[in-house]
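Labels run A, B, C and D following the written order; every chain starts at residue 1.
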Amino acid sequence: MIFVFAIFLLSLLVITSIAIVRTTNLFVAVMLTSIFSFLMAANFFILDAADVALTEAAVGAGVTTVIFLCALALTGEREKPRINGRKTARVAVAILASLMIYATFDKPRLGDPDAPVHQHIAPWYIEKTTEHMDFPNVVTAILSSFRGYDTLGEVFVVFAACIGVLFILGVPPPAQKRLNKVVEQNKGLRHHLIPQVVGRLVIPFIVLFGLYTQFHGEYGPGGGFQAGAIIATGIILYALLEGENKALQAVPRSVLLGMVIGGALLFGSVGVICMFMGGNFLEYSVLSADPIWGQQLGILVIEAGVGMAVCGALLSIFHAFAARENVS
Amino acid sequence: MDLIAHLPALQVVIPMLSAPLMVLLQPRGLAWAGATVVALVSFAMAATLAIGVLNGLTPQYFMGGWPAPFGIALSVDAFSAVLLLIVTGASAGALLAAKPSVDQQVEEERQPLFYAAWMLAMAGLIGIVVAADAFNIFVFMEISSLASYILIAGGPDRRALPAVFKYLTMGTIGATFYLIGVGLIYMMTGTLNIEDMQNRIGDVTDINPILVAAGFITIGLALKAAVFPLHVWVPNAYTHAPHMVTVFLAACATKVSLYVLIKFDYLVFQSRLVDHDMQFALFLMPMAILGILIASAVAMFEGHLKRLLASSSIAQIGYILLCASFISTLGLSASVVHLFNHALAKGGLFLAVACLAYHYRDLRLDQLGGASTKMPWTCATVVICGLSLIGIPGTAGFISKWLLISASLQIGPWGWFLVAIILLSSLMAVAYVWRIIEALYFKAPVEGVGPQSEAPIQLLAVTMLVAALNLYFGFFPQVPLELATEAAGMLLEGAQ
Amino acid sequence: MKLLELLGYFNYWVFAIVLMVGLYAVISKANLIKKLIGLSIFQSAVFLMYITMDKVEGGTAPIIQKGVENQIFSNPLPQVLILTAIVVGVSTLALGLAMVVRIKESYGTIEENEILDAD
Amino acid sequence: MIDILIDVFSWVLLILGGVCVLIGGIGGLRLPNFYTRIHAASLTDTMGAILIFVGMMLQSGLTLATLKLFAIMLFLLLTGPTATYALANAALLSGLKPDTGSNHDEVEKEEPAE
């Protein structure tokens, strides 16, 4: 039954992707991209990847769409048609696709328990998580301890994106038409009473859910990334409803930048402290006399760092786009 | 805490963690000073590691204390030691000289972010070089790419933006291709550790996914390394980037991708794929030769100084790949030595360009007339580094050209054909270097443009130091040669 | 049975097709935002490939429940890798969009051919 | 006995909910213009969602899952109609007139691409 459902979702995925490429209205394309991400998340869930599904839903369908829309507001939403060069691209792409489909026939079938992927190192993780960390979520264990160095790198990718957007959009836009824009900006969504009221009701729960994902990550799906993204979407919703200035009053830019820097440094310094206490970089076991407790402590702290950094970075990026004046 | 044992990790972690701190260093000049200190410390660490490798050590480090195929391991061998020296050296050199040029090109309030991105780029490149884990390489590749997009976008010209955008799309496609390749290998072997892959890939019975993986990884990394038909992002990105960023990236960014490519080909695929050496010879060698000839020809007719040098870089990537495709000790050591020497020569040339650009706004060759009278030292360094690029005896470039020619003579009758091509392309290099020298020394100055004085002493001193190093390594090439021979031995051992 | 076995590869086919649809958008569209959308589809396809290989028949999400013996878990490692890759994807996208906004401001257009004509 | 009754009742609810959502989907495709379409989609969706959630709650009995389902239902009940309202409001503000008579009008350009 679930098999049929999976095939249905996957076919929808293909259809959506083709529709995205075919439409010339960028707004429609962005909305379809959001749907694409949701379908992807549903597929991930069917394939037993709860953590990834949560992340894809929060990041792919939520934050990405908002950033896309912010950029669209600044650039215009019509795509101009273009004819030349399409045929060759189509042929090349079709050939590559058939080559890749041909190559799939040697791959292990979906769900094959004898596939090499499931033999070598995967069972080790499942076994050692209970032994070394003593909490149920193996994904969190790998993410934050066994392969914690990758996660550190990932936090710095987010940090790079944040400073990159701030750097690139740090140049003031060419000054045209600035006066008549000011009026419009203050208007915001103020006369939308119903969304505002509902928003006020819902936003605390979104943030609460974010915190739950943050601190429950060892036990269920979730962790720093998901939490950061969810809290960020909550605050972005606030900014959409109440106007950007009010959101900035609540959480000013300097605080956001501080969160990014602080989160990244928190993660890194846990690693360095491990070094000083006689372990390797990011070897949390040395943090406490009881290695299991040390692991749990380390994971708790670095997950908090990840959450802070991701939340701060996504919000900084959002504000950098949203505060930009449209000059076209 | 035993610092030496932690060096492979500290090498990455120190520049990476310094990046957030750079953002906080708001007052004028502090960010630059901080970045320079960090880069110098990194260089010292790289030198320590290289000395250790020369003494027969191969430092390994297990992140989080987890054993190798399960956790992430770092390892430093002779090959990565060379790359470490190049990356940290280029970064330290460029940063030492950077202040006057960057002050001119990047607004003061944006400078802390600029230097933070620089630190991230350096940390990312170092992270790739020391990583022994295929997926970890991807993560650090993304850090370094995102940071270099930021750095290039700092260019004052608006044309920098489309150039970066092109780099961003092609770079992301390259990285994603690499990710697909790694995924396929992981699917068939169940491991991500490169050494473990090497051991387990022999047991794989179904060859097709491995072939596809080899294709994806080769194409993806070739995109990032600007191997000939996939190089289109290079000229614009290098031309419109801030001058000091060009120095840094031209000296090491593409080379690190090339390093990963060579490492994967030799350590992971070579042992497994039947006739893989043939495939190498049939696919990569023609690309390399075409790249050398076409890019040199383009450089001969290019009117803009930075674009000319960027084209020449593509040709040099061709040389490195050509050496590697011989699959012999001599060829591989030529390849590694050329990585090193080209970084020196091109770094020196781009530093000299930065000196010139301090006074000339327009870097087209016909605008540069008469520079030699006002900026004699800068022009002298251009000559020295240019000679090194051509491969004149007495400069560092000669050593690698010599090794290359001897390596190609080893492979029999075809070797003579290759020697002919190498000589032809060297003649082309003479032609385009001569065009630069002609413009600087023998053209009449253009009315209204032109410097009143030399470049700032800080910039000039580093430039001359690099030129001197070009000469030094031409006479005393022992250190890079020794490292290169060891690296070649290690790579070929993996291929057996 | 034969059909079911073939359908076991269906995920990989979808991966290949979606990947190529994304690549097609990147190389053939002139609009820079469309290119970025294509890029994000392209990356999503790779996520699908990784997650597909983690599935074990009859397995559940890798969250160990106390007191239950002989559970089968899907492979947690690809999930971790893809968590990383998703965040990398969104970072690249944000950076790309920032550049597009600046390009629009300084060129007045986001069509690639018009930008090339402008210089 | 009571178990079977609850089971049957919950399945009736689930099927009814499914039918509601299906009708909403058909309405979204078939109705002539923007306002009628979101009208169809929104009303039936909310109804369908409630039915399906109640059905699922009956299936899972008195467990933590029921509580979670209830929370999700509450969330959907709040956000679904609000989203529809915001959508209609945005359309109205951007100058799309509610149309009472003819089938085709200026609405065409607001439709998502098929």
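Points to keep in mind about this one:
Just so we're on the same page, contacts are C-beta pairs under 8 Å (C-beta built on N, C-alpha and C of every residue); 3 or more make two chains touch, one makes a residue touch a chain.
All figures in this text were calculated on a predicted structure; none of them were measured in a lab.
Contact analysis places A-C first among chain pairs (by count of C-beta pairs in contact). Taking the mean of C-alpha positions as each chain's centre, the chain lying farthest from the centre of subunit D is B.
The distance from the centre of subunit A to the centre of subunit C, with each centre set as the mean of the Cα atoms, comes to 12 Å.
For the pair subunit B and subunit D, the distance between C-alpha centroids works out to 57 Å. For this pair, subunit C with subunit D, the centres built from the Cα atoms lie 30 Å apart. Note on chain placement: the centre of subunit A and the centre of subunit B lie 32 Å apart, centres being C-alpha means. Taken residue by residue, subunit B touches two or more other chains at 135, 139, 142, 146, 149-150, 153, 186-187, whereas all remaining positions touch fewer. Shared contact sites, meaning residues of subunit C that touch two or more other chains, fall at 19, 23, 53, 77-78, 81, 84, 88, 91-92, 95, 99-100, 102, 106. Across the assembly, subunit D contributes no residue in contact with two or more other chains.
Listed by chain label, the pairs that touch are A-B, A-C, A-D, B-C. Chain contact summary for the complex, subunit B toward subunit C: residues 135, 138-139, 142, 146, 149-150, 153, 158-159, 161-162, 164-165, 168-169, 172-173, 176, 179-180, 183, 186-187, 192. Residues of subunit C that touch subunit B in their complex: 19, 23, 26, 32, 35-36, 39, 42-43, 46, 49-50, 53, 77-78, 81, 84-85, 88, 91-92, 95-96, 99-100, 102-103, 106-107, 112, 115-116, 119. Per the touch definition, subunit B reaches subunit A in the complex via residues 1, 6, 9, 13, 16-17, 19-21, 23-24, 61-66, 69-72, 107, 109-110, 113-114, 116-117, 120, 123, 127, 135-136, 139-140, 142-143, 146-147, 149-150, 153-154, 186-191, 200, 204, 206-209, 211-212. Against subunit A, the residues of subunit C that register as touching in their complex are 5, 7-25, 27-31, 33-34, 37-38, 40-41, 44, 47-48, 51-66, 72-84, 86-95, 97-102, 104-106, 108, 110-111, 113. Chain contact summary for the complex, subunit A toward subunit B: residues 99-100, 102-103, 105-108, 115-122, 124-125, 128, 145-150, 152-154, 156-157, 159-161, 163-164, 166-168, 170-171, 257, 260-261, 264-265, 268-269, 271-272, 275-276, 278-285.
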